[in-house]
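Got some structures for you, see below.
Both complexes below contain chain A, partnered by chain B and then by chain C.
On to the complex of A and B.
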């Protein structure tokens, strides 16, 4: 017993030293974000809550008609989330500001997929059905999807919705950034095109960030000094400007590091070139060989055990 | 050792087996409803809560509690401790059935069950889930291969197919001999591959949640989650063997195998102790003990997991008297099994708090029925296979066939 145990540690130690020698420093994690994607800048100080963007989205993406018509603004009395029938919704907040007649001033917030630069959903997707496109869109390919819903677990903004009521061919449903329309027809996304007050500006992300900074600088009293989406989750293609602190109008705190970084670093340092499984296999073979005549192995063993 | 693994030849339809059959039927009805009305028809899953008990129990706990397979294979076959052979076979059977039901659970849980083969074609190397899926797929096949010798032992030279099929007797006989010859030379490859694949995906199951730092409660969200999953799986391996062996030997009135189980759990003191040290060290380093007394459901669940699932059974196992007593050993091991089960449920369900919707989730009746039905199905098949195949040790003299 004692002898074999010592033998075990000898073999394991030798193999362990081999591992230590062969381990390269893990490659530094690299972002796969497109260099200058397109995006949208939403200026909450301009939005009047007309829900035209919801309508434009529904038309362009041929989504099912809503239960209440788009001109029915009582819908805004409740907070809503995008779901499997709706890619984008407007919510109304009263963050506490009052106008000259002492009326509470509403702030309207458009919610849709943020189209992260390093999307957690795309990193998580088991089959790569979700991908970040060069033009900024996080694109969903239903032909690859198996419906594991890991994308929904991964998304920090809780955006992807699921057709839970479809027994055989359910889809993940989320804003497409009007991928085909933007890429093939050269048009703007449905919501940005229809907005009557230019609350949604479509353009290169770098340009949008400049515009946002300019608006803050030229009108510092109207804006909080922050562009939501500039750093959130490592940066998103959709950006927001607000006149009130973001946490008062439903925006959540999201780490500034890309959410993909930790898991991807661990996976690639352990499994690049399959080095760790190969080393472990070698170690175990060594142990098995070293112990072939030790222990209390029964030589009369039958049925496959070596 | 006088006893050898042998078919039980006990009466199959005992009252317990009937209960299992009823639970299976209820589960089957719920599965049918899922494939008619969709996941939304039978479950409480939502946009905010995409994963429920099917992932937390059927998949994550199923994989963890099947760890007895690779941990006993390591001991009995790689370290050559033939002494533990009597429990290696039932542990292998449990692992094989466990992983089979993990895949069945996934077929119910994923929205497009018919597309389950697609990860074999569309690879996303960045996805932790992709690696887990590949490992589970390969390991399931390894487990089936490791089980073949048991089938060979039972039927080689004794193939006697009924009716017209008897024409195939010769073919079956040839196949069995071929499998016997090939596997006796190659089995070491599969045994080692099984241990390697297990280490890979047991840890990666923990990595799954690393992508959701804002959703998993800080008591569980730690960069060492993969290490904790691996160590807890290794630690629960032998207690799971004790748990299932005690249940099986009690139910079938066999030798309790205490002379094998007692020394097995002496190793557990070290393994579970390491896991406990990692858990506490992680809590101290990250300062998450500040949550311990805030009284939320998450915190209470964490306390139950740690106190009754790790600390109490670990202290119990320290006592040689406990390790010698069948009742107390079973108690301690059941606590450990329950602790790991609760840990997986905590990480995937209880500790999962969507930051925007803060959606409350409790599984629906049909969701629970499906999970219970699968567990009943696993036990049913276990009973069936040990009745007709040489898995458990049957004392030669006491029970004559």
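On to the complex of A and C.
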């Protein structure tokens, strides 16, 4: 059989249309965020930069001791990031405000995993080593991790770190939200518990948002009217209040929709009811069917005219 | 010789007479006592007698006891503005004369439940009150209960942090720190750093120090430096390490030698 170009598209189109018609349109993306997780509210106007949270974190999580002791505040002279040896760091910024003695007033910012409501790292993880727990923690299961480090690429806050220097059993390291401690022992995260000025308030996210709104309302001169983490990246379990605009103290602008939404909707719409593979293989089989006689024709032609 | 002996005897009798007059017993030791004293001198002298319980300051002890007391939690406080509170307190006539405890040791078990990094703060209640002359600065709210006293301790309202029934109420530790540090900063008076108010609790070094049975002096120094590296580096810049000076005993000062640890002394490790 001789297949014209038009004939081929007819066959392939019919196959594709048939499969597409049999599937319904992909369901709308749904957030899998826990309803009322626990969280922490960091009030930057309260933080005094004492680094006790770093110390509490190191003690509670049995992390390696730092090179410089925790009461050495000269480490604040340069900006740091959480790494594979530290889950949380304090950075000092001078946003420009001066006190009555004409001294620049510092603002201290605690940096750690934000524990997103819809974490991009967990969405990117291909083995489910990272999961969002009911209590708000983005939990890392080292036994499942294969070390692909997609989470590090996916995280908008660039938090997960990797133990590159450990060649045998490297782990992804990031703030655990003291998962075991909070969930099983009923305690507070190490940093929140040790903070001498309650710059970190621990509680239910809904309560924290209420507290934050209340603080802004009762003291509007001291705060900017924004709770960082309320909408950022679709909402995070860690929330921040600041007295200075957030972009001046190292906070990045993150889209207000969950970062997982776009990627997951594309992926789920492509693979719902396996329609895309069915179409693909349908088309391929159409091609094969259309060309099924090509070889025969060659032999027939050869046979016909010896 | 005889003259000198008679003089000595006369002196002794005079001393004995004076001793008898003022009631001094045993001014001249008897021969047996003298022997006993000579024997005792050879032994290591016994340390001075100390009483079984060392002396303690009564107010410090009282403050320690007071710090351990538990005060029932005040659920509700009266809502009023700071100025209203100040004026109302002034009208009631409450003042320094009403202070019952002039000294507090801020050593509540509520704080120690979660951590124990620093020693207690010694808070001079009367001194603060007499300088500020305004009770409302610290006693900023009163319990809603009409029968309660006008002013209460900090730990009556501020106890555990992050109470789910009182999410806005500060814990005791944060209340202390925010109140004290905030005021000290504002008044530009009083310490605002950790060690200004309380001493650090030094961890028990029994477990931390790891030394062999009979360590060499250098091993001891090495072990200290294992953790206190910066202290070692600081030491190298002190006068204890860098002292030197001219040696005045060099013969005729012909060779001027700057002698000292920084130059020629041998016990440099």
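One rule holds for everything that comes next: the second predicted complex is superposed on the first by the 286 of 306 C-alpha atoms of A that agree within 3 Å, B and C clash if a C-alpha of one lies under 4 Å from a C-alpha of the other, contacts with A are read in each partner's own complex, and residues count from 1 in each chain.
To be clear about the criterion, contacts are C-beta pairs under 8 Å (C-beta built on N, C-alpha and C of every residue); 3 or more make two chains touch, one makes a residue touch a chain.
The model shown is predicted, which means the values in this text are computed figures rather than measured ones.
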item	value
Contacts of A:46 with chain B and chain C, given as first, second, both or neither	second
Chain B versus chain C as contact partner of A:227, first or second or both or neither	neither
Chain B versus chain C as contact partner of A:239, first or second or both or neither	neither
Partner chain in contact with A:178 - chain B first, chain C second, else both or neither	neither
Chain B versus chain C as contact partner of A:113, first or second or both or neither	neither
Contacts of A:212 with chain B and chain C, given as first, second, both or neither	neither
Chain B versus chain C as contact partner of A:197, first or second or both or neither	second
Which superposed partner A:266 touches (first chain B, second chain C, both, neither)	first
On chain A, positions contacted by chain B and by chain C	none
Parts of chain C lying in touch with chain A, wherever the complex brings them together	114-115, 117, 161-162, 164, 167-168, 170-171, 173-174, 177-178, 181, 194, 230
Chain C-facing residues of chain A, complex	46, 48, 50, 52, 56, 69, 71-72, 188, 192-198, 201-204, 207, 210-211, 214
Touching residues on chain B, where the partner in the complex is chain A	34-41, 43, 45-48, 50-51, 74, 76-83, 85, 109-116, 118-119, 121-124, 126-131, 133, 146, 148-150, 152-153, 180, 183-184, 187-188, 191-193, 195-197, 199-200, 204, 207-215, 223, 226, 352, 354-357
Residue ranges of chain A touching chain B (in the complex, touch as defined)	4, 8, 81, 83-84, 120, 123-129, 144-150, 152-154, 156-158, 160-170, 250, 252-255, 259-260, 262-264, 266-267, 271, 276-277, 280-281, 284-285, 287-288, 291-292, 294-298, 301-306
